[in-house]
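Presented below are the structures under discussion, each in the form of structure tokens.
Two complexes, one shared chain (chain A), two partners (chain B, chain C).
Now for the complex of A and B:
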């Protein structure tokens, strides 16, 4: 009755490369970790360092109390995070999910920061408590936001990413306000595995083991989740409860780790991705191999961190940095191999349901301009003094300009260029959730600047701008190259952005951990300290933006045509390749000039084009104009607020913009689901 | 014969729209029933109610005389199996692994699979003619084979009832007929109660013992194919003038005027 075909009759076996890769990874990591010691201890003595030591030999003592526990902790944590990552991916049916990408680790860190500041007694009682609470808060936010959207994979990751940024920004705000209390959190937050005795390991292993066992017991119900909600529940599984329980255990596992060694990012993502790429097929295989890969990866990363610390000038290189360095390429690798089956929120939002009424651009434009002008006047004139709020008389504005003018001008210009860049990128990719920040283009610009700071070279503003442009163009070009095959669909772009962000973040952590003036300078810049801008710089920026704006007039029409698809565009006589390149360069330049001023983390590039749309501007030209004005207004307000909120202190304007922008984005995301 | 499912005064509202209102209907054991109706008539909703995927806003549904509310999740799953309209991708599972998941209601999260379980799994694969694909990944199968693999999972579940939501809507004619023939044969061999949502009224009349037609959440026709397959009844169901010919005993052809 059925067609007879020749087929394999055996169970598909384990691909040989899987155990091979795992063995190579473990052997490599162990050998690398042991090699500095082998010069002074013979292998047998080194192995015995795990349980005993020779009290007459200093090296042996050192190996027993420093090296062996460090290796053990790395393997233990790596295995735990690998397992947690694999379970998270199964629960959410999402190849990008992990404790890191869901914001659990950032949440845990946030919890510890809050506890350190406001309730140190909690930390003394149990460090896990604060971290678990923070992690649960983060995952609760992510789930609450994406509930109505049915956990669509990319939406969950977007929400997780924003929560991560948002909690990071909050962390930074506390750090800048109460720096003296939180100095140690720098190093701790970056994930350091340095050990000087066995207590932390002894403390940790029973917890990790119990949690791992609990997760393994959930194996069969977890398997059912693969069949989808309807089938799983018709087989008698309580889907909601299984998800809840598994995620709770994952949060416990991540928070336990975070509260002891800080954020060890991306092991939980990289390990399952690696296992899957190498051919782990069903759940059992994935869990087992993710656990193994996690342990190996973290050991390798930790060894690299250790080497870097010894080779460098003795400053500590936290393991969190090297995991991010390893995690980044693995995400990029995953980018190439995942089939693009996920949709990006916004991409399929049917235009009919979500398009607000068109409004005349002139009216909206003049309203925004008036608001901008009002902000300008208030910002120049109305300010808090030591005793009370007062108006600066018009005759004194000349003097006040030096302090209040350039920074405001620069903030407005940064907002304008982010608004323009955001519109360009959203139109180019045909995706309303794309933006310089989310796609890592700002991250690329920042990465180059972090590298410059790291190398110790002194460059002026022009040099910074050039470097940032190169970084932004590189990031954008890389993204376009990677995503071309998939026509800029969500997962690929987002993953690419994530990977770039990871790189930037790791560089930043490195600088932070080394401490000193460089760190605080970088920190201020990252979160957009506008007070660093001088008048001549602001004016130079003004002329640059005006020049670019002129260029933009020529691209309005190509930009309208490009989303119709390459074929239609070229049959209309548009040189597609050249047009794309020109747009790419313009977007990169705009992003870079904004990043130099306001840092990479404001959400203005996402919000401004979105606002323009909501305000009823749908054609390219009008959207660009209104987005530019809206962006300028947003950052002008942020700059003013940053001056007065904690007067006489200051907050970076970009930080305020990020906090407000994050809230707006989360609101927008949950609104999206309703339409 | 007592009623297998019994639905009384059933009402389902989603938001402000009433999908089903005040519906009373029973299904006997061992009967193959087709649910007919045009899009939005409430037939899938009724099926989801019977599968406990949705809970009724008003009214009562009971299984073998016991209210749905008093039945545990796994206990229910040992009696009723449900195949959703669009089963998701299975992400690398082989056919046998998929079918084995059907034993979950009986073994739970930790119970060991016995020889009997393995026998039932192999039997289910055998019955659906998938033996040759046993170790193939479900994702690589064609549409018809994939549908059979899911039905095999339902068989391994060893339920007394199958609820199928448009199991043939994505298949070509050959596979449509093969799938329905398979369901019909299995229902006879294993003495199953089957309720299936179908669009094709001719195939429904050919393979089912009873046809139930819904419109706007109300039952507007209910009876044997002989009783339902008249041009008047079909016109009420679909809202277009239709004609029916009986080509041979038990084989009807309907057409639009």
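Now for the complex of A and C:
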């Protein structure tokens, strides 16, 4: 764990740049926030806006009821999220952990979505209740899934990630089907700190204060955690209980805070990273400075969002957009300075420490092929009509192929390429959490697409394809540039990918806040609208994938050798840098072709290789083959379901893949616990 | 306007030619050419603006996208219960459309990636009332007139537009007589208690404001649907304006606003100039303009209050 290595280098003095940076951040943010008002109010009147107003001067009323509560809420929430983030990182022993990693935000949003649709009275009664319940549901699932596995940091993160995907996909399903009814949720999901009253702040501050105090009381046991699980246990600390209590408080904090203003996620990640970068060494320092940086960062981000709104056409720029824009560079900064590569979760062992028994690849392969064939037949034949369900007679399959065939073929191919790409990347980085989604290659493709939607340009199918390819290549280029100095090591790649994802996310939030209909269109693509695929496109994709698969035969040896470590690989005669570059290019190409079809957010690339491992395929070649088949099967089923479940409506297939895959993953994880 | 006149002349010329030659008629549209040898009978509409235009012309579509939503959000003109739904507006089911065996599909360029697939099912007419830099009302007029030509109902289309023009002129006259047309108005839709959609000068509603001789308080262009999402405090920058709240509003909104001096000190609230009008679908065709104009005139003449209801 990284905490132990940091403890060893502990120095008594506090680096001077820490308070300096915090002071600069706060003063800069406050000054920037106040500056537009100084033209109309003198500084004394503006400061007094925090407690009073002059009812004869509407500017003063506005400052007291709009500006001052907004500043206060930003600081309060920023501090709360910063503290929660620091605690989360401590508990999970992972520099990438944040409340987001535990699925809290996705859970909270899920709760609010359900409440808006089915129980608006709950929302009117208390806006927190639904969000907290959703956040707790998410964390409960994470805990329940990881309980038997000793609650290890790696597993918790993995489970949290899957829960995030799963609940995020559920949210999206509701938004897509009921978009008109959920207009306000688009804003909520984007995070806006706009205020016109002191009530939200007055509601929030006692809760945040109580939760913060409770977290501070956990400081001492948390410090024990720094010694590592074994030593802490021997000192009599009940590690599991402490972790759970701390996480529970973190959930309460994030969900409470976020229920009022929406998802302003990256503060909880960026603040602790910044504090550590600037030299906060021990736990107390990290907690204190993360809290302070959180407040300053969110105020700065919110001010930038406000400025952007007034500079543009007055249209709201949500604060979630700017927090993501600030979060991205900070993660990139972190990327440059984290020298140790051994902190990454997933690198030490398989996620569960459980090695499934080997099974013959031929048997598994033919079972999967049979299932795929069965899916094909059912998908072609058994379908809902406007009146009733019916079997399409074989003689009419020609006609049916036009509507059902190409999309299914493309979905299968996308699954195959994601399975291959996922295996490639996991083998390459030696990290079971790595996947095209997490490396940001799909995120890069999506980013370009978001920009196109933002610009309002109309693009055809070819345009979409080109845009996605350009985006994926751009993301890849950036990754290579960033990772070259680290010799393409796993951690840096993942961090870089995360930063890319953050940028994409900021664009997505902006689109979501700007209006329901545009957002629905974008979300549809983001989650993979297979229905748009024509026969020629599907066939082109088929030949592309076949071509790449041939190339893959040449990379089996490097893939087997690379995880042994750079030194061993070099001594075995492998040009490490060049081999990694070639693998990266192949993975990017595979990802780009899948992203065009299925969108960037299905997590088939994460699941299929894992499934292959669970099915007992350990050597590179076998894992790739089985992962490809499993990925194809997963998306074939998803495509069929997407067409039939809400017929004549349809859900994007990528979204269903996330749901189907998520269920599988949760089931698999809990099953490991038992055995 | 001159463009649409030109288009109408061209269309009339086309018709004359077709009448003499008596072969297939063609129309240019946003993604190619539509060629029809006879008048379509079975029409499928893939968005609500097209659905509205067809219903106005007295043609009941054989299939529409997001039927349930239409009945909740657009309401008028009323859609018969028996019309089958063919999926959502962003992702209609091609198979369901094909099953209906239509002879004309009306869609917009939002469906651009699917145009080829739609063409396989039936001749497709593409017209976008809402897209970047388009003027929704003149596009909606064009759509109504062209659909009138295609479906051989030109007189009816003309009559509808004339009727709308007359209604708008009458409402303008009513407003002027009551002296209620001099002060700018801000048209808003509450999304929650902190954010509103404000309707921008490039939207469909601006046509209603122009026709009534009213000024829009909000000067900035919105997105191509013609609105901007803004924080409620953005209204405060326009102290002279009246505020027109378009329903629906969320339960509990009026209590929340009442508690906030930000709202109660707002100049428009102090002057009792908050007006509320029935829900009107802001992203439709020509019909909502007439409805909004009538509702707005009624509300403005009736007088405002100091809060939403």
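One rule holds for everything that comes next: the second predicted complex is superposed on the first by the 465 of 675 C-alpha atoms of A that agree within 3 Å, B and C clash if a C-alpha of one lies under 4 Å from a C-alpha of the other, contacts with A are read in each partner's own complex, and residues count from 1 in each chain.
FYI, a contact is a pair of C-beta atoms (placed from the backbone, for glycine too) under 8 Å apart; a residue touches a chain by one contact, two chains touch by 3 or more.
Since the structure is predicted, the reported quantities are computational estimates derived from the model, not experimental observations.
By the touch criterion stated above, A:19 is placed in contact with neither chain B nor chain C. When both complexes are overlaid on chain A, the residue A:36 reaches neither chain B nor chain C. Judged by the touch definition given at the top, the superposed model places A:282 against chain B, while chain C stays out of reach. Judged by the number of chain A residues each one touches, C leads among chain B and chain C.
Once the two complexes are overlaid on the shared chain, A:221 sits against chain B while remaining clear of chain C. In the superposition on chain A, the residues of chain A contacted by chain B and by chain C do not overlap at all. Contact residues of chain C toward chain A in the complex are 69, 72-73, 84-88, 90-96, 98-100, 109-110, 112-117, 120, 131-132, 191-195, 197, 200, 218, 220-225, 227-234, 236, 239, 250-252, 256, 259-263, 265-267, 283. Touching chain A in their complex are the following residues of chain B: 51-53, 72-78, 80-84, 87-94, 96-98, 101-102, 104-105, 107-110, 129, 132-137, 150, 153, 157, 178.
Within the complex formed with chain C, the residues of chain A that make contact are 53, 55, 58, 61-62, 64-66, 120, 124, 176-177, 180, 183-184, 187-188, 192, 194-197, 199, 309, 313-316, 383, 385-386, 402-404, 456-461, 464, 513-515, 517-518, 520-521, 524, 529, 531-532, 534, 643, 647-650, 652. In the complex of the two chains, the chain A residues touching chain B come out as 1-2, 4-5, 7-12, 93, 217-221, 223-224, 226-228, 230-231, 233-238, 281-282, 341.
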